[in-house]
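Each of the next two complexes has chain A plus one other chain: chain B in the first, chain C in the second.
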Partner chain A sequence: MTAEALTSPFQSATALEVINLCKSFGALRVLDNISFQLHRGSFHALLGGNGAGKSTLVKCIMGYYHADQGSVLIDNRKREINNTRDAHQHGLGMVYQHFTLVPEMTVLENLVLSRSPIPKIINWQKEKQHLETLMAETPFKIPLHKKASALAAGEKQKVEILKQLFLQPEILILDEPTSVLTPQEADEVLDMLKKWTRSKNLSVLIITHKFREVMNFADDVSILRRGKLAYSGPLAEKTPAMLAELMVGNEEIASTGARELVLKGDIRLDIHQLVASNDSGAVAVDGISLQLHGGEILGIAGVSGNGQRELVQVLSGQRSPDSGDIRVCGEPYTASREEMARHKLYCLPEEPLRNACVPRMNLVENLALRIFDQPRYTRWKWFLNRQALKAHALKLIARYHVRPPELERWIETLSGGNVQRLVLAREISGEVDLLITANPCFGLDFAATAEIRRQLMEARNRGVAVLLVSEDLDELLELSDRIAVIFGGQLRYEAPIAQANMDEMGLKMAGH
Partner chain B sequence: MTETVLGWWGVPLAILGGAIRASTPYLFVSLGECLTEKSGRTNLGQEGNLVLGAMTAYAVSYLSGSPWLGVLAAGATGMLLGLLHAWVCQFKKVNDIAVGIALMLFGIGVAFFFGKPYIQPTAPHLPAIGFGNWSDIPQVRAALEINVLFLFGLLLAPLLSWVLSSTRWGLMLRTVGDSSDAADALGFSVNGVRMVATMIGGFLAGVGGAFLSLYYPGSWNEGLSSGQGLIAVALVVFARWDPMRCLYAALLFGGAGALGPALQSVGFSSGYYLFNAAPYVLTLILMIATCSPQRTLTGVPGELSITK
Partner chain C sequence: MKALALVAAMEGLLIPLLALLLSLGIFGVFLLAVDNDPFGVFYSMYRGGFGSPFSWRNTLERAAPLMLTALCTALPARLGLIMIGGEGALVIGGIAAASVGLSLNGNAPWLVMIAMVIAGAFSGGLWIASTGWLKHYRGVNETITSLLFNYIAIALLNHLITGPMRDPQSLNKPATLPIGSANMIADIPELGVHWGLAFGLVLCLLYYLIFQHTTLGFAVRIIGGNIRTAKIVGLPVGRLTVMTCFFAGAAAGLAGMIEVAAIHGTANGSLAAGYGYAGILVAFLARQNPLTVIPVAILLGGISASAGLLQRSHHLPDATVFILQGIIFIVILLSETLYGRLKLLCDERGRT
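Presenting the complex of A and B:
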């Protein structure tokens, strides 16, 4: 039977059924009366915006969270699943969104670790042979002796999947397994899972936000919207547009904003043969050269762990380069505070709460980080002008719709989208000549994503030079004027957006 | 006169002998701490365990007449303090370093309190095996008189290494120490594993203390340890959390500690206190030499609060 077959002979039976599941965190109702069925031997996609409750739902099924109400049936029998152990015993396996590999252990050790039970004394020679035979059944090739921390994100994801497959579960749940894979790798993984649903009667429940994957592989689809089930049933005849509408309902989505014709400005950022090491001392940025003009967005695509983080850290002053030359507006640049202010260079890094905020300072203080030493916001040179800072904060919070607008709140108590908006407000509300940004929309919902992309496009239209490092190809294709691919710390591909070839980029991202 | 025959050769010989003698407490404490840190917790209370162990061993040996009973009793007190550390640390927002410091002071205080009556009397010592009895030279015989506990330690290091690499329990321990997320996902009891590891670590530190009071220097007094338990904790970092390297590092530090007495034995007595400070200077030098602002340590268990 081919993997593309839409129907499966096993689909009549129910492998997993969820009935009236409810879950609240404090006053927030995350799951509201969810009921759906996963058919045996089917490939079932679970869709929903960020914060729709997808992860919470599968974690309730796996016993990671305890549901407030409702029940889970496996093979039509009600099961009490209180922890992941119970779940494994009932034939459930799950690939989590965050990696659960032990970083200091080798791939081999990590795979043996998931055996159940782990042998009291381990015969490494035997285990190695056994795992090599099993791996031959899959399209994956992972070096078993490598430490997990030394693997690329895509390889880690594959090990996570292997870990579960070796346990031979009857039901496999995957939480966004393809987010760190190139399109080709994603197809490879999903194709194999699809085949196993047919040949081994595996039932797959997969969380994803990529319609392409849903359309190509899913038999059934369930859609969550703000904790409620919007649809559950066969995929047949649903178009991506219909799925998108089910996901967002009739919410208003801001459009990205048009790309205006802007005269290409002067060279704002000129990087020549930049080399930088990562935390463990290995070379992460391996001789990158690039030029960025005013009024353009240069997109850098790549699977995470290929030097993007280190590149951004060098530019934002969080890491010193080993060698190479960085010039901003023609002048040597060492990422000092004074140079950033003079060249109007700003940064919107990934995970802004960690990389661009002081979590336990309030909104006013966090908004003041770039300006507190400017004459307008100081008194007698050495003292802060609280009034001026407060007025500044109020203005920005209103303009960028940061919620809740309580100035005295610690920033770490804000939601991810609001932290992102606040940092964006701090970084691009003033005069900006050069903006460095990495995964600016990671983990944000539709509306917040659209809002931030619109801001970036507007900045570009104003003549700002934007370096956009992102793992989201759709985002890059939407925003970039030029696009480059980073792999192993080197730029492997560069093209104007009109000539960018998706297939070729995918191959370059995988290092081919 | 054999002393004149040996001359300056007596120095390396004395250092070797001293390395073996003085390294034993370092070895036991660092192996114990290595195990504890591999599970993701730092127990600075090891110094307290060491001192309390020394006092207990001496007292029990004196009262019962059996030094081995003293060693077991010392291990047991270490285990109790380890249990206390693990029990307090399992609660949320408790800092293991702070608890460790508190327990260190507590252990030392208890030892001084109950140890007063045992400063004077002489307790039976642990036996040693004379590997140097073939020789007529007293320095050789002295250097090769090796205590049984050291031999245990010598076997313990490779044993721990093997347990960590090739047994279920070792794998569980390393998982818990490196990523509690992963341990949760696998259904391991994070606190349970850490409790066992901290208790074994405490036991070993207690045994190390027994060596101090029952063999070398071989009596109980309040200045007995002078921070050896803390140095041993630093030594684990230097050994990159590897039991075999803990053994080598312990020998190195033991040798450094023997430098002063060895030089004195050949009549080189100027700067005696300076040479006695060698282990501490060595600690500082190694710590500075092995760290870098640009990179993180390799081999460090991911759950340790110092690295988080």
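Presenting the complex of A and C:
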């Protein structure tokens, strides 16, 4: 029996109500007169593109931000929530998008740490028993004695949720809790939360991007579009298409672009038995072999923390492999600048500000990182030609619509989408033969995501070999010519996209 | 955005100036506390550092090694490293220069001079390059290593001048044999300051040119700004790190050579007189810019040159100027936290 079949007798009462909430950052109105109700014991999804104001809205509710106008009602009473402690007192709990665990502490210590106030003397035995009872009510199995740093991303997310359940909130807010989980794990977590809405009268407000989850679990849905409420009410007969339309409105969305028929090119990347360790010295990439041809996109699926990051780091030059053989266009590859330039190898890493930019350099300098030592951009061989670099930057900024187009600005002051566009401009505007990319659309809104996917597809159609490592299955299914699954540092599954089996991939991603 | 650039440029000037003024204020309170007239002392400091041709000579003589040791901190700072090993590199450079000078004694002076320059620069360079190597390839904190390396260098100096290399004639101040007056660095004609000053000026200019305007300097800045990005664009991070540290140490080693060949004539305990540490202060005050190091080194040289006059006319011990240096250092470190805030302030205003 599924959770949806249970009926909730409490749905009529209101657990949380937001009335005319407004919030501006400078001149930018992030939230514009938002009003909605969260019914007691209901599972309420909050949808919206990136930058629609979802995170800001829940942060205002949690007292993390102070709203400019409007009020928050809990149990039909107006409450002043000025900080997260107030929020906890009124029975609100929140699972944040980023992890909040202390890496060097065990799961048990982390969970006890979240109690407030922390008892002066801690009875570890009692705490442990209490937690074990709690965990028995959930489908989670997490070893309490393990250090948080040793947990996989999925486990960490479960601990974050446990941490909140441990505090027994009446209203639980979750900000994209399933982004690091396999589809099966996500269902497990959401199924449990849904059951708790029925059996324990918990009210859940969940931010998500995944329509599948909304369709399967939500009772109600609220949709934000550019800071305005586009819809709030029962999910009822809403179809995914209707939800998407409400999210995007009548904006033009760039389509991904057609997959053209391209002759399979020569082998651009040939990896044989690659082994690499992670930062703490444990083997993360455990004997991966793969071949990538020109004109194809090879997608690598997997739950984060299974060696994707280390694989990409080795290929992009951020990490030295322990053993194995990498060949690019048939030649041994050691990730030197000269090899990258000769083989036209470029990289769109995840978290571009952290991995592909110098935060405190300006736009011109950041756009110069690949080319500053090429003869066209130097003077007297060794000197920078700032005029030429500036002209180059102006051209790219105009072509890729980087905002604001102020050349002297430090790149860290730009928004995430604009940083991503700038890196994209630098890495794929020129001649490219091989592109390594990891989660290129992570954290970007609809329009930016569509734009970047279109660019990747266009690159492939031009004959570029693209290695696409992503945690987003939809993205992989949309773009890849071939798809492989990585688990525990090994490739477990490989198939042409036409023959890829979703269920089997999900199982492989979970290590079955 | 012209306004932004203007604020950023002003910031680089305003903050150190304010920090200097604040330091003088605190120093003034200290002077009051020890029953002295602050303004009288300030005036004497000006006279002692910059009041007469004689005091200018004194100042410039001290500024020369300061410029060089400041470079030892300023260049690694571009890599994002805080290197404080100038004192050790200076001492090592001095030992190497004296050894070479002594063993080549009797050859043509120009040959001895070139050999001493190379020995000083090369040994100091290797000294700091090794801390850079430890940092990059073994992850050992460069600040701590370079500090400990200072102690090793000074211990080595003491060992050599009281043991194997000791001149039997040097009784209460152990030293090596003199390198000989023929091998000493001469004075710049008309100025009365030794040629070491020219070394300092030329190296500051040269390093400025390299690290501000060449592709090499840009690559070093990328490493300092974000090492992960430097790797993604394929820069040879290890090689550039060690090389930059070598350049840095070479400057300090050269300072040691100049101290031996222009001032003391031997390697002795006075080599470790604190130029290495004062150089750190100069580098921070100059915002790690090799060109700005020049005026700042002259300023700090002037403060230190005025110690004698303070002792004579205000009965203040000559350690007083070190108190001022210490105050300046703390205030400068504190003011480092202000950078970017002015800009941020304008930014916010510009947006609303």
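Everything that follows uses one rule, which is that the second predicted complex is superposed on the first by the 507 of 512 C-alpha atoms of A that agree within 3 Å, B and C clash if a C-alpha of one lies under 4 Å from a C-alpha of the other, contacts with A are read in each partner's own complex, and residues count from 1 in each chain.
Quick note on the criterion: a residue touches a chain if its C-beta (ideal position, glycine included) is under 8 Å from a C-beta of that chain, and two chains touch if they have at least 3 such contacts.
All figures in this text were calculated on a predicted structure; none of them were measured in a lab.
Within the superposed three-chain model, A:Asn83 lies in touch with chain B and out of touch with chain C [touch as defined at top].
When the two complexes are overlaid on their common chain A, residue A:Trp124 makes contact with chain B while staying clear of chain C. In the superposition on chain A, A:Tyr96 makes contact with chain B only, while chain C stays out of contact range. Once the two complexes are overlaid on the shared chain, A:Leu384 sits against chain C while remaining clear of chain B. In the superposed model, A:Gly430 lies in contact with neither chain B nor chain C. By the touch criterion defined above, A:Gly281 lies against chain B but remains apart from chain C after alignment on the C-alpha atoms of chain A.
In the superposition on chain A, no residue of chain A contacts both chain B and chain C.
Only residues 1, 4-5, 213-216, 218-219, 221-222, 225-226, 228-229, 231-236, 347-348, 351-352 of chain C touch chain A when the two sit together in their complex. Of all residues in chain B, those touching chain A in their complex are 166-168, 171-172, 174-175, 178-179, 181-182, 184-187, 292, 294-296, 298-299, 301-302.
Here chain A touches chain B in the complex through residues 83-85, 88, 96, 98, 100-105, 109, 112-114, 117-122, 124, 277-281, 320, going by the rule given at the top. Only residues 26-27, 316-318, 335-341, 347, 349, 354-361, 365, 368-370, 372-373, 378, 382-384, 406, 408-409, 413 of chain A touch chain C when the two sit together in their complex.
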